[in-house]
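By letter and in written order, the chains are A, B, C, D and E; residue numbering begins at 1 in each of them.
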């Protein structure tokens, strides 16, 4: 407990501060400043993570991370795509590879007409697809059952005013037959056999049919598969994997998700960085408080510093005493701050509902705030706050070591 | 303006042709149209029925060849048509006088249209119909001795002009220009104007497993 | 008898704005091993300045100080600090104890600074406190001690490292008559028992008279005093000469 | 002659933790109008405490103080402050001038506090400064003045409100011999010219001897001193009795 | 200069404080902290006002404030309905609309479009889409139809630049629109019980003009003449789907729309912009509130610094306080002196912060553009945000609120230290030496 002496003295000074009147008052404020900064940083950053996570789940769960397609300009089938699929599955980080044929189409019910993205799939490869968990009626595998069956989103079904069992017409406007009656677009009547509700745009933008039916519609031989869609464990790994794939599988075009969704994520991360900047202002200003608190202590303890020097304590040791003391303040602020921050984050929603404040405005009364508390976030915040408080102790500690015993101890 | 194109007798319809007609003074124009119409009707009247093979070439608005096709057709009166396309994909159009059937074997579906509003969109049926009143939806002009042009007056109809080529009284081919400027040229070969087609020729039976999309 | 403390022509002056005050003007001194020396001077005559120079706490404008034949102002900062810890003890009018530490911890502090391990430091500190009659007050904080007791702890702290020289500045200045008397007795006993030289600075002639030797700090120099006591003169508070050169 | 300052059985003790130190133990005093009184006592004997009680800067444990027949400790805080401003001047060993203000502003300060308008305060302050011989140094800051000059400004500041009583605590304590002598002469002249009573506390017997009357503060009471000078005794530094009741 | 006394004392202490290094460093830090907080808060609030103005003026000049659409049945004699609706004082202007959603096709390219049949002249009163036309011209209205010559066909369309880009068309080209035939008139729907339904209805339109608004609107909106739309839907001349309203206060849109709906003697749906764009408005309020809290925290923590500066000053000036007390200065004078000394930091910080904040707020857009150009980076991408530049609108109440908050906080921070100053005991301070 005694060794080393400067640590021992520094600790004792920090503990005893709260008794000696105004110095404790300022120390309290400096700790409060750091605490406030750290707590609000943790909370706000976790909420921002939540939003980003939500977005990631919603989009990246559906949008394939990498699409390998045989179609250069003209649509074309991908020859023996099974082998290509095995090859792709072999890559590390690849969770699933699904074959697909895709085209724009019109879907028409007695009441309305709407443009959709038609996807011809092979159900047994799509077991991992997010839709399986969100089927409202019927199953995705129903596409293998009755020929010319179709699965669509609930929002679309609502718009077209159709339900399972009804007939809907799929029209491929840019695939036409030149008949003496002029151009007749290829069209076929399908039966609705399944409805899903994922809660994102695909609910009213994408319809699924068996790949063979799609091949027929698009006048393609065989099962018409022309694309392989890769889903990775971590979407952000796509950037690294794509160049590798390009070398190994020449002759195909590769598109990654951030070509389509990149702008959205860039915007979210830009907002997050702005928030980091603002909040770190609090901690920075709080660090100034530590400086002033520590200076007060140095002035208060001048007598003792003088006498310690008479007892032979070198300047270097004196600096350590006050760094220890400053860091203890910083530590208190950071530890309490992170505890408060984590507690606040974990039950932010209950807190919000209890106090009734609804930051989303009336339209979103029930919606809960998405929260994602990341350990490394907290670590970074704690570390940077400690660093800031350490830097804040340097000046006062230096000044303490500059005390001249002769002046301090002079007392005629 | 189309080069490298097989000689199938009829002269191609040039773009220039279209504008010449408009500049003639209104009344002279109307009189010519009347004469052309009578001449065409006369020719059509003496075609009772015929059957033939056809080859088809499709050009887009800028004249690039989009697709070649072939098949055979049998026409009878009134409003009896059997049109089977074999190239590049199989499809069958049958008009039995009341309904116009369009069967696409690829997607195993037949679509039925009411003949009345189908005609407005398909001038080819003019050949077969006896109802003179439908002609007032069209303007007829005589390109030259062997070629007549039928222009649809309704700007929204799918087919803008139908050009019929004759070799004396025999129809040798025709050209369809649709709303977006695409041009389909049909040349008839092995045409037989003599033998009358059997009635069943124009009966359509839904093949098993095919779905009927009834738009009547 | 070797010399514990030797000062040669010590000079020291302060610069305040335009005014330069010369405090010490060539002070010489030799202190024997175990001697009890009194240095008398009125307030403001430079007693503290002399003490701090002797104790290597301040740097002289000129002159040298030898302690145990070591020229202390030649040492580096670090070495001087270690030297003070080994060879010099300080006692002030104000006790300057560390309020957050118990009496025992205060006395053990110089040993800790030297690097002794905690246990041995505590043992030695307890011994020293019993010697100054405060064996029973080890765990008390300075705040809970009387003026006299605090001064005893300060004395114990100065002696715990068995230094060869003690420098004391008005050690009894702040105490009432009787306590001052007890403290003075304690200092005499300790000086006799531990063979450490004491240099005590005071303006109390009565006290000075009862030590081995008395010197008077006058106009920045140390002059011998006749042992009979007070040297007559209008002001027995001789003040160091202050040359006023107002610029 | 009416009495300017009357103290009746003044008592004052401080509580530090368990220890209670009695500083004043029933002090009585009467000061005539225009009198120059010296109060002698060694440091720590409660001279400052007596002065602060007399100057209504501190509250006595018991006893009363009348200035110009007004019982000052019956007044409210605000009234006492105004009373001090009107009737009492303070002079300390350390000048306690306000370093950011010029000599003139320092002297004018009590008038400003009283609420005089700026112009008349400046005029009176200039007059006072010339009286103490510093007419030519009005715009200088204390930092640019010598020790003696600063003490003169302090004196001018104390007298500018024409108080009936001046309380001085070792006014020449910090000065060298010659300057102290000049300041003392100035005090004597002012005392004669402005009919204000002076109570000067000092441990310098020589100085005390040259005033109208001398009293000695011993064991918390004021005792008359024979005008011949030093009263014999082992310690001319009489210290107040300290009852040690260690709990 | 002397009066009143505490001001004189306080200011003199402040001026002289810059002398000794350290306490001026800390007081400077508190001034900087407050200035920073005030400046950033003003800029952020102005940016939010800017976004709100852009939303209200720019986006809502094109997106309808509110619409009342007939339920199943089209509205009859819309001109009479229009006059009745315009009697409502809160409705600035109204115009008929026939809403259709279908597909637009050019060769193989296909694009879903929101087709709005409008009266060329009346529409100008409710929407400023004409200002955003970059190529060709707005719909030729009925009366100048005669001027365009006899074969003028009412098949003109004005569409968004996004659509034009996707279909690869420009002014003068013909595009085909595909619309579901059956969906249009209610009567037909009743008859058509059977599952089968008619084929697609197609119309060929000539592009008369292209508009570029900068935002998602360009990718879906197209305008055709009211007569054309009526013809497509087989409406009689005086029948329309509904009426579009331009309101005086967009933020009261839901209320006013409901009010108007009751005036119209037709059973109608009520749509207002908050349905589709409402979330934008909420996001703005959310960011504004979070930013306000964060920056007030910054100012608060900065004023903590004032506390420590002032306590140090009190500590240094103990002597002065004591001597002032001996001269009869009351506790009031002492307290106010130190309050002033502390408050100077707050005042200085707030004033500097406000000046910088106002300057930045007024030139924010240009500054950000310059920064974007410098670093080749785009802060707001057009396909995520409804505008692609950082707007800024300084409104003075924001500035006053911010400055007053900062001043109040810095004043509060001076109370404790100033109170401690009055507690200084002259006896202890003066007696020692």
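To be clear about the criterion, contacts are C-beta pairs under 8 Å (C-beta built on N, C-alpha and C of every residue); 3 or more make two chains touch, one makes a residue touch a chain.
For each chain, UniProt lists the protein as follows: A = Lipoprotein-releasing ABC transporter permease subunit; C, D = Lipoprotein-releasing system ATP-binding protein LolD; E = Lipoprotein-releasing ABC transporter permease subunit LolE.
Worth saying up front: this structure is predicted, and the values here are computed from it rather than measured.
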item	value
Touch-network distance, chain A to chain C, counted in steps	1
Set of chains adjacent to chain B and to chain E	A
Fewest touching-chain hops separating chain C from chain E	2
Chains most often in contact, by C-beta pairs	A-E
Centroid-based (C-alpha) most distant chain relative to chain E	C
Whole-Å separation of chain centres (CA-atom averages), chain A against chain E	27
Intercentroid distance (Cα basis), chain E paired with chain D, Å	71
Centroid spacing, where centroids are CA-atom means, of chain B and chain C in whole angstrom	128
Gap in Å, rounded to a whole number, between the CA centres of chain B and chain A	61
Numbers and ranges of chain A residues touching at least 2 other chains	169
Numbers and ranges of chain D residues touching at least 2 other chains	none
Touching two or more other chains - residues of chain E	107, 196-197
Residues of chain B touching chain E in the complex	60, 111, 113, 155-156, 158, 179-180, 213-216
Residues of chain E that touch chain B when the two form their complex	107, 153, 155, 174, 176, 194, 196-199, 202-204
Residue ranges of chain A touching chain C (in the complex, touch as defined)	1-3, 5, 8-9, 12-13, 15-16, 303-304, 306-317, 404-406, 409-412
Residue ranges of chain D touching chain E (in the complex, touch as defined)	48-49, 52, 55, 57-58, 77-78, 81-86, 88, 90, 92-94, 96-101, 109-110, 112-114, 117-118, 121, 157, 169
Complex contact set, residues of chain A against chain B	147-148, 169, 177-184, 186-189, 213, 216-217, 219
